[in-house]
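I have a structure I would like to understand better, so I am pasting it below and will then ask my questions one at a time.
Chain IDs A, B, C, D, E and F follow the sequence of writing; residue 1 opens each chain.
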Amino acid sequence: MTRVDGRHEDALRPIRITTDFIEFAEGSCLIECGSTKVLCCASVEERVPPHVAEGCGWVTAEYSMLPRANRQRSRRDIDKLKLSGRSAEIQRLIGRSLRAAVDREKLGPRTITVDCDVLQGDGGTRTASVTGGFIALALACKKLMAEGILTENPVKHYVAGISAGIVGETALLDLCYEEDSRAEVDLNCVMDDNLAIIELQGTGEGRSFTVDEQQTLVQLCRKGLAELIEKEKEIVGEL
Amino acid sequence: MTRVDGRHEDALRPIRITTDFIEFAEGSCLIECGSTKVLCCASVEERVPPHVAEGCGWVTAEYSMLPRANRQRSRRDIDKLKLSGRSAEIQRLIGRSLRAAVDREKLGPRTITVDCDVLQGDGGTRTASVTGGFIALALACKKLMAEGILTENPVKHYVAGISAGIVGETALLDLCYEEDSRAEVDLNCVMDDNLAIIELQGTGEGRSFTVDEQQTLVQLCRKGLAELIEKEKEIVGEL
Amino acid sequence: MTRVDGRHEDALRPIRITTDFIEFAEGSCLIECGSTKVLCCASVEERVPPHVAEGCGWVTAEYSMLPRANRQRSRRDIDKLKLSGRSAEIQRLIGRSLRAAVDREKLGPRTITVDCDVLQGDGGTRTASVTGGFIALALACKKLMAEGILTENPVKHYVAGISAGIVGETALLDLCYEEDSRAEVDLNCVMDDNLAIIELQGTGEGRSFTVDEQQTLVQLCRKGLAELIEKEKEIVGEL
Amino acid sequence: MTRVDGRHEDALRPIRITTDFIEFAEGSCLIECGSTKVLCCASVEERVPPHVAEGCGWVTAEYSMLPRANRQRSRRDIDKLKLSGRSAEIQRLIGRSLRAAVDREKLGPRTITVDCDVLQGDGGTRTASVTGGFIALALACKKLMAEGILTENPVKHYVAGISAGIVGETALLDLCYEEDSRAEVDLNCVMDDNLAIIELQGTGEGRSFTVDEQQTLVQLCRKGLAELIEKEKEIVGEL
Amino acid sequence: MTRVDGRHEDALRPIRITTDFIEFAEGSCLIECGSTKVLCCASVEERVPPHVAEGCGWVTAEYSMLPRANRQRSRRDIDKLKLSGRSAEIQRLIGRSLRAAVDREKLGPRTITVDCDVLQGDGGTRTASVTGGFIALALACKKLMAEGILTENPVKHYVAGISAGIVGETALLDLCYEEDSRAEVDLNCVMDDNLAIIELQGTGEGRSFTVDEQQTLVQLCRKGLAELIEKEKEIVGEL
Amino acid sequence: MTRVDGRHEDALRPIRITTDFIEFAEGSCLIECGSTKVLCCASVEERVPPHVAEGCGWVTAEYSMLPRANRQRSRRDIDKLKLSGRSAEIQRLIGRSLRAAVDREKLGPRTITVDCDVLQGDGGTRTASVTGGFIALALACKKLMAEGILTENPVKHYVAGISAGIVGETALLDLCYEEDSRAEVDLNCVMDDNLAIIELQGTGEGRSFTVDEQQTLVQLCRKGLAELIEKEKEIVGEL
């Protein structure tokens, strides 16, 4: 089987990361994976939500698609007065993933909100948001250290996300939209720099899948995530 | 380690299923797993949403917690004018799981909505909803066949869900709330009667986890799901 | 005229009350009147809304129908982003009725919220909510006394509700849905243990009604309420 | 006891009705009862909501208070994104009352919406809305007849509303705000031109009340309603 | 060209201002310009929004149309759960205009909210709201001075608004609805008592317009505003 | 006076327009004016809203700021369940401006929605949205012609927007945020390729302004708009 863009089965799409795309944000990047473009901005606020333990910080994420991110225009959430259920699901995944990267005691009593806005969506937007969101978060923490607000880096791990899937009975890494829409099985995986799992979400869209198939997909993701984490190290530098 | 309720590490909580709890619904049950109580009702409507292919049916789910399902009262969604993000995430999981059980062509142009309302929540409400929701769905389809509306059963597989987790470095099946709130790793799994995976969601709440740990948890779930599917067969009968 | 279920004109439907149905709530019961099933939970919170006088407590109620409580499924309020007008009207009635049962000075600066969730509705859900809600409230106050939080019982009266109506020119007590949908006149009445009126709501659905007819309906309700209050005394015990 | 405005116990407040206050509406009036001012507009639309039987019409009402109708400014419903529960309760009462005035078959497949907007509220706004709303409705139907759209008047009865209450153990007709805020018992009554009851709502605000007291209040209302219906006949003319 | 109501091209419609229409408000008037009727109420509250500088006050406005203000009934904002975009645009204009009239330091730490509710709309409702809203505001400030709450009048300028437009290539002052709906160019202007501009909004509805045409319209408005400000001086008296 | 970025008083900020930034949209550009960045996407749909005349098309705009477009993060509209009043006002301005560019009969029964999403806001976002939105719209129409869906270009005029203001008594063109926040007078102007006015909005933020001052600002805008329209001609080509 040849992939629509000629890639090898275990190859990532070309990735391009423009840091500081939004100069006002404490940390930001525009992450492009193939035709997928996500703008990730990390904002620091000197307060925490009420449920957070005394002295600790908080990290949270919001995810949204611009109305013309897809092949068809969608109505804005505010027009329907409802956060899309898909966005709600995705931003919870991103938030959990990014919190796993941070020592919330070292962060201190402040909140970092990572906004992931999909400018163009061609598959893999949730995992691109995890990877781009991590970079924005890490840059914001570097800035807090450079400004002397923090003395120790609260980021304790590099974190990245990627998807894999079974399309026409072949396991493929990093599905683009055309592949994703035909996938029988779809799996998203977030790992840290030990290549240990933070989040794993697998769905049998067209059929159920065996435990062996699930393992194959996790190994594919692991390969991709090793590459992505190298990329993050180049961009963000040492923690 | 002894579990809070004295159970073995790979034991399910006592399960009790009262079918036809709501006599007006096409299919319904009250499912109780330990102290967790979820009311599941399947409603059949003779129309489908616009995105469904001509001639096919649709299966969807809604999940909600009553305000006093938990140890503290929570405000109702309508009071906040927002569907809880957690509910949005969970009902998408239930919907995907139940759609995997059904041949939507055999269902024909009708929608089955499965409402899962948590009367009391003591851990595992999302997977209890999948299991109870499946039973309500299967009973509703049996009713459509008994009434001659359908001639073939659109339910093609038994489907059930369960959770497992790592608590104090021990892998445990079917966490209750007290265990769940201390878990380092939490994994929810939905399988069909081939014990193949439909949905898999794993989260490192306190730490990341290895691929091996992930496999241990899947195997624990698999053991529990085999028991649950036997229970479903007793209640629902042959497909 | 024979009633649909063979009852005498001034007979209540069989009533079944399961207390402590929700173990987490300070007080709770599942009240079943014929096929009507309402889950009532009383929750105590150590704060009061701003409009309440210094030192006094507050009692309020929320009423909702689960989507499949009726013969047809209804959309959830949160799906429409609007509290149903009928629910708004009913929960105000329940709240006023339950506040009349309580000495708010003796309650002290705390709020008791009584959630009445209709699991199945076959007529008379608002008055079943008053009766079941009273029991949940009284049980919660007993618990506050048992825990030493209160020394005097703030519940000063037993309170219960019932409906009566004119169907085919006959006055009937405690209408079920089938009777209610054919009623010309419908009257809901809440009384205390002196059989004095707390709330009275009469509506000419099909025609206007005379003052004499109104009195007949009040006397029917009074007979039913005397029985219900006896039942409450058995369940709740002395105030 | 002398009343705050020197009225006799069974006297109405001075009433002033300005018809056609809004020239664009099919029927309208500004009704003033003492300092209470309600603008009532009836709008005719050539369609009916889906639940209405083939060939029949529909009558509905909406009730709202302008933000500065009261002694303190209140936030608008749209600012809170919630219809006030009190408004929901009241507009349901007005709608039921006005539907009782109309033969919906004679109205034909059209909807009359009666908007009751309280410009200034000094007690009795819901019953002033019923009376003023009836006049707007009757004027709109006259207009439909004058225009030849209807040949028979669908208004079959004059309908009016009034309140009575027990203040300091004295039964008083037509409470103003100052009396209403001190009332122990409050009763609203809507009758037709046979002085038969359409709606009756009594509430023990400060204490429960006997069946005899309830009857005294109904008789007070009946006296006031006889006067109001005479006034309506003068303004609207023959049906 | 003769205007629909026979007015001269630079003539205002007959204007009628009833002050203290709402006796509960600190300041109020009903302003009628031809068939346009707007109820304006100024409410004083002893607090300011968070963005206001220490010691200063705030002035804000809300604008809304009653559902039957127009030739066709419109649904209420609360029914659609959305503030109309037109109302949002207009109330921002009114708020900016009225703030320009006031010395917010002299006002001290209090908020004046001016509610402009259109009872009947026949063109020019936004500028009638500015003029009527100014009168309500000025009356409220006079009341604060009479009560000794303020010693200096915070109102520093009279402020009024009017519209002009090009209809059939003729420039006309103070368009009524029939003219407005045929206008090629529409311009709204708010000035102070120096006849200097506070707000200017011009729109080419049917075609673009030259700088010269724009000047002609501003001069027309200026003539009308001189008259309106004289009227305000008569009603409000000296500042 | 020297401007913060050293520009001449009548100079535009450096402008950069990247067309086809979003490849899925029928027309799109990223417009950057100094540090202001707005993503403009034109989407074509083959249907019109109900108020549009038979056979005609419709052009509308939506405007929104991403949460971290500004120096401080703002909450999303969907989080507050309210479209910001400022966005409502601005998107109405953009919509009217773009409709003035188009012959809606030539467009035929289709809607073009122009989404203007501010990625970074440093002043002048509304007028940048008009200019960038025009380019997206014109590119979309070119595409409809290239695909043979349209035979004549419905775009009849180039349209662009710019702001000017009085800062420290000096009239300046194209204010950046730092200038804008200190401006006494602020004026936004939209013109077509005849340099005739489509929209004009002037506000005295700190003081009222004379008719002469207003003219000075319009002439400044006119100079800037002539340059912007030349730029549009280069990018879009002939109409």
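One rule holds for everything that comes next: contacts are C-beta pairs under 8 Å (C-beta built on N, C-alpha and C of every residue); 3 or more make two chains touch, one makes a residue touch a chain.
What you see is a predicted model; the values in this text were computed from it and never measured.
Within the contact network of the assembly, the step distance from subunit D to subunit F comes to 2. Least step count on the touch graph, subunit C to subunit D: 1. For A-B, the equivalent interface within D-E, C-D or A-F is the one where over half of the contact pairs agree by residue number, namely C-D. Annotation: 33 Å between the Cα-based centres of subunit B and subunit C.
Chain centres here are Cα averages; for subunit B and subunit E they lie 58 Å apart.
Averaging C-alpha coordinates per chain places the centre of subunit A 50 Å away from that of subunit C.
Shown for subunit A are the residues in touch with two or more other chains, namely 81-83.
Taken pairwise by the contact criterion, the protein chains form one closed cycle in which every chain touches exactly two others.
Residues 81-83, 85-86, 88-89, 91-92, 96, 100, 157, 187, 191-192, 194, 196-205, 208-211, 214-215, 218-219, 222 of subunit A are the ones touching subunit B in the complex.
Subunit B makes touch with subunit C in their complex at residues 21-25, 28, 35, 39, 41, 43, 45, 62, 64, 66-71, 73, 76-78, 81-83, 113, 115, 117, 119-120.
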